[in-house]
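In the two complexes below, subunit A is the common chain; its partner is subunit B in one and subunit C in the other.
After this line comes the complex of A and B, so read on.
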């Protein structure tokens, strides 16, 4: 098409001449003129300045005694890290974060998968209505969700305990947020309630791309629904499940809002997570320790993120 | 009148189908009931908020599910006056809108340049940027950057900061969409004498509408919910967005659940409206990338 448009004379006109070189010689220089580099400069500067540089700066400052009360910053080696792994409240925050992440991954994946199957296979009508309602909590600010659940989980007057007493399950009525053994799991419960809609929507989309012929063929071969689930749905949903697991993992490791508003890390250190400790240390002016904890998270999550991107990319190549 | 010869068989088929359908409907009854139950569980907190925002202080004490005995719309005006909600609302709107515009602008131009010209360096830059989807923010050292750029505790600073955190996601979403726009369009535009700016603004950007609208809606919702960034970087309460104002209001009026509820309803109203209008885009955005067969 272009051959017919570009005559010899046109080559001497600036724009068409440029085009001729771009699409026929593939000269990089010319390509840069149509898709100029400065188009991406703004994004790269903002992203580098506010996300990458603080991350890298963190590695250096993790090894210093940087704090609010002195203008000097001294190199102190691994002291901050030694402190993190020796003092109970720091160590506790790491183990809590791991528990939170693992349990929310399992709960969200299992419940969201059941909901996705229910909605996309069980329902004949109102599919979209249910999807919209179940996804709704995902868009509400976590701070707001936390405040509402502070009321719902109130031991004396909260709706949950009232309900449990109402149906005669007084034994199950608990001090949801003030019992140190239970508080973390209450936080996990609230977070799961808010998060399953998001995971469910992704899983529904994953279910929709499994070809219907597979199920028809399986039915001809006499497979029941149980077989269909284990032999067709689950294996073919694996890529989707991997992605949702990674998303839950990345979310769980940097959890902050839900803990902050529900328990503020308490009672004691019972629900402290990495990011709540980072903020508390930051407020106390102990920037060095705070940065060291952040940097630990930065390394772990960047590795996870690298795998996630690699995985998504390899999937793109397959299709 | 002559009867259509095809009419009869279709009717009988319909009759059979109705029976089959009825049986199927009966079979899906438990599933429907279960779905209704689950949807109710998901909706309970919002229901509680709405009914309690209309009660008086005494009746709302336990945040119960019963309907209000008398309607107290004045809770809303009280909240707006006492919670300085007007200011916080304008702040939230300003931050979320401003940052959303920046994200759309930077993500579309960047994705366009990087997707069309896939030189090795551009491929590297693309991966470098989308790594930010997973990268956590080091808030502590970010204060150093904010101080150095004189952006700490400023409106411009918080808008830029919001935008920077969402650009990786925007680039990721739009990059994939650009592949579906044929390159021949660029060629034709260049032949007609378009420069890169005209090509982008008059031709490519309008074609990217579904992708950037999705990015804009998802970014706006996230910015409206943002809590940590203003917590670290906005010290003066006059600059607080809705999330911080609500949290602070809750701290002051912890036992006045009618007021707290009214406050929260006003906070989540904009996001619910945006969600209901844009849910088609939200779902497409959430699933693109995550699911590709």
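After this line comes the complex of A and C, so read on.
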């Protein structure tokens, strides 16, 4: 069962074995099946140099007092994390990030799924034109989106409030970006508008691979459209939903640009997210605190990602 | 053993690869930016000597990054003349003011990213802590124009006797005062207020008459901080020696009754709607239009605003506007700030000589006069030999407020570098998320953080 212990000559010996490691008698051993190991050395070196080492360094720096004003870097244990957990503003940015992520995942998934169904099963004409129109916001630069929506959502002169007042819905005219209770949801709205096209395209691709025979068989058995959706479409779309949810989750937790261009974290601290705080701390020269926040977000992202994949993978297996 | 050998060899290979990459990168870094400053060496030796910089000629472009509103139209016109004379193009990169310092400091940390000249607020703690000019800026002490710049301006842009930047600004007429619409006041029987109570009554009268009392551009994130920190002279008058005590870490902002009074009055004004219902969306760039339309009766601005309004809206006469000091906490002292937006040459620039030539060009007497004559915002300039003509209203203000005091962002260390943070927490105060006491406590906390980071003896 156990192959030879790896030596340099084994590394560079052309073999036909696929490579994997096994532990036996406390020794690391490698088994070859298809390709020689040295094929991967370049990639491993580059990956280690540019991904693993900076990542580990980031974790280390989050336990230091690294800042712009001093050339010394001292290990300070969990002080940066203690600061993060003790200051309300940091907590607030973390809770805003989580609210943003959860709400955008739900909104983008539901709306994109509805549009995908409409544009792949509902509309019979001009569906490609509609797909393009809905996808368009995804390719508009965020800075342009920011400028346009700051103008549209201006409370006094913005197009949205002007429209609402014009049709007699004055009560609905709001201070969209400057009311602290509303601003985060306005940002979420703009981000959803920009992001659904991209998610919709992935879902259309997922819908198109579901065999039509399943629907025909279900119809013969007397299933209505609602049954088809719950019993065929949704279960078979689960791998696609896993991908889109993961994309939305990672995007949501890392959100920065849409907040930056619309509210810059304001009014006050109302729309601060983790990455806007990280950017501000970094620009103030407080690198230790800012890397600690990034590290914390990394841990949250890893836990959420792992949990999500596990949960959705088990659903896929059930189907 | 064999596996250990293999791991060792792999590790060696990675280290060799890393060294190779670093080695390949090293020469470029050495020529692009000077080595970081060592703290035990004199600052003058840290930046590259002028002679090391390459010569410039036609086709050279110098990149100048600055906050919105710092580069005036007159300077852009002068830059065109400079290009005609030398062939050197000045590329202005204007950043929205609420994001400027974050962008600038990130760029400086990243090695400059092509910056030749950068804008920054002068003031000793600002240029040391926020801009780190000893590392980031080229010393300009030997430039001829330094001798002609107002000594107060030179002091605010120098560290240990070395001048690092150029300030061309109206540091006297540039005081932030209340510019009011005289007609709106006269129509409603209001005279210039001398106390907060009179000011609040005036605001209420105007509001009742359908005029929004004050145009306050909160959206930019910096302007509303003026209401708090420009009140330095009244804080000092109530507690003589307070600025020195704050700098010696023997006093705090938290618990200061005069500051609390000013902040509570400011919050009261916001809550009563004296800034208007959509004030948080107001932008500084719309000040002239808002004041010209007559929808607003007052705003905090400089001596030059009436001229700017008249230039943009010729139907609105310049003498329709008068000036008085911000009367929070019953202030009647003229708030003066010798610090102002300034220009610095980035020490890692490849075009240091071209940038110096641009500074020399801007500071020629005829060009300074051109700047004053063509920039409505400036009533005076901080240079010798520039002739200023004051209007009747400007002169009336000077005659009324004989007593002057220095604003706290300049008088107190570690205040100006946190300007935008103060703006953010003040907005949070207006929206009810924090209290005026929190604003003062947070200001103290940020001062402490900066002072400790800077190794300030008073905080040890």
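The definition used in the following text is that the second predicted complex is superposed on the first by the 245 of 319 C-alpha atoms of A that agree within 3 Å, B and C clash if a C-alpha of one lies under 4 Å from a C-alpha of the other, contacts with A are read in each partner's own complex, and residues count from 1 in each chain.
Note that in this section contacts are C-beta pairs under 8 Å (C-beta built on N, C-alpha and C of every residue); 3 or more make two chains touch, one makes a residue touch a chain.
It should be emphasised that the depicted structure is a prediction, and the values quoted were computed from it without experimental measurement.
A.B. asks: Quick one: is A:49 in contact with subunit B, with subunit C, with both, or with neither? Answer first, second, both or neither.
C.D. replies: Touch partners of A:49: subunit B and subunit C.
A.B. asks: Would you sort A:279 into first (subunit B), second (subunit C), both or neither based on which partner it touches?
C.D. replies: Touch status of A:279: both partners.
A.B. asks: Which partner chains sit in contact with A:167 here, subunit B, subunit C, both or neither? Use first/second/both/neither.
C.D. replies: neither
A.B. asks: Thinking of the overlay built on chain A, is A:220 touched by subunit B (first), by subunit C (second), by both, or by neither?
C.D. replies: Touch partners of A:220: none, neither subunit B nor subunit C.
A.B. asks: Classify the contacts of A:264 with the two partner chains as first (subunit B alone), second (subunit C alone), both, or neither.
C.D. replies: It touches subunit C, and subunit B stays clear.
A.B. asks: After superposing on the shared chain, does subunit C or subunit B touch more subunit A residues?
C.D. replies: It is B that touches the greater number of subunit A residues.
A.B. asks: Shared contact residues on subunit A for subunit B and subunit C?
C.D. replies: 5, 28, 44, 49, 154, 260, 279, 282
A.B. asks: List the residues on subunit C that touch subunit A in their complex, please.
C.D. replies: The touching residues are 2-3, 5-6, 9-10, 13-14, 17-18, 21, 36, 39, 98-99, 101-103, 105-106, 109, 129, 132, 218-219, 221, 277-278, 280-281, 424-425, 427-434, 449-450, 453-455.
A.B. asks: Can you name the residues of subunit A that touch subunit B in the complex?
C.D. replies: 1-2, 5, 15-16, 18-19, 22-23, 28, 31-37, 39-40, 42-44, 46-47, 49-55, 57-58, 61, 115, 118-119, 122-126, 129-137, 139-145, 147-149, 151-152, 154, 157-159, 162, 193, 197-198, 201-202, 205-206, 209, 239-240, 243-244, 247, 250, 253-254, 256-257, 260-261, 275, 278-279, 282, 287, 290-291, 294-295, 297-298, 301-302, 304-306, 308-309, 312, 315-316, 319
A.B. asks: Spell out the part of subunit A that touches subunit C in their complex, as residue ranges.
C.D. replies: 5-8, 11, 27-29, 41, 44-45, 48-49, 67-71, 154-156, 175, 177-178, 180, 260, 264-270, 279-280, 282-286
A.B. asks: For the complex, which residues does subunit B have touching subunit A?
C.D. replies: Residues in contact with subunit A: 24-25, 28, 31-32, 34-36, 38-39, 41-46, 48-49, 61-65, 102, 105-107, 109-110, 112-114, 116-117, 119, 122, 125, 127-142, 144-145, 149, 160-161, 163-165, 167-168, 171, 176, 184, 186-187, 190-191, 193-194, 196, 199-200, 221, 224-225, 227-228, 231-232, 242-243, 246-247, 250, 257, 260, 264, 267-268, 271-272, 275-276, 279, 282-283, 286-287, 289-293.
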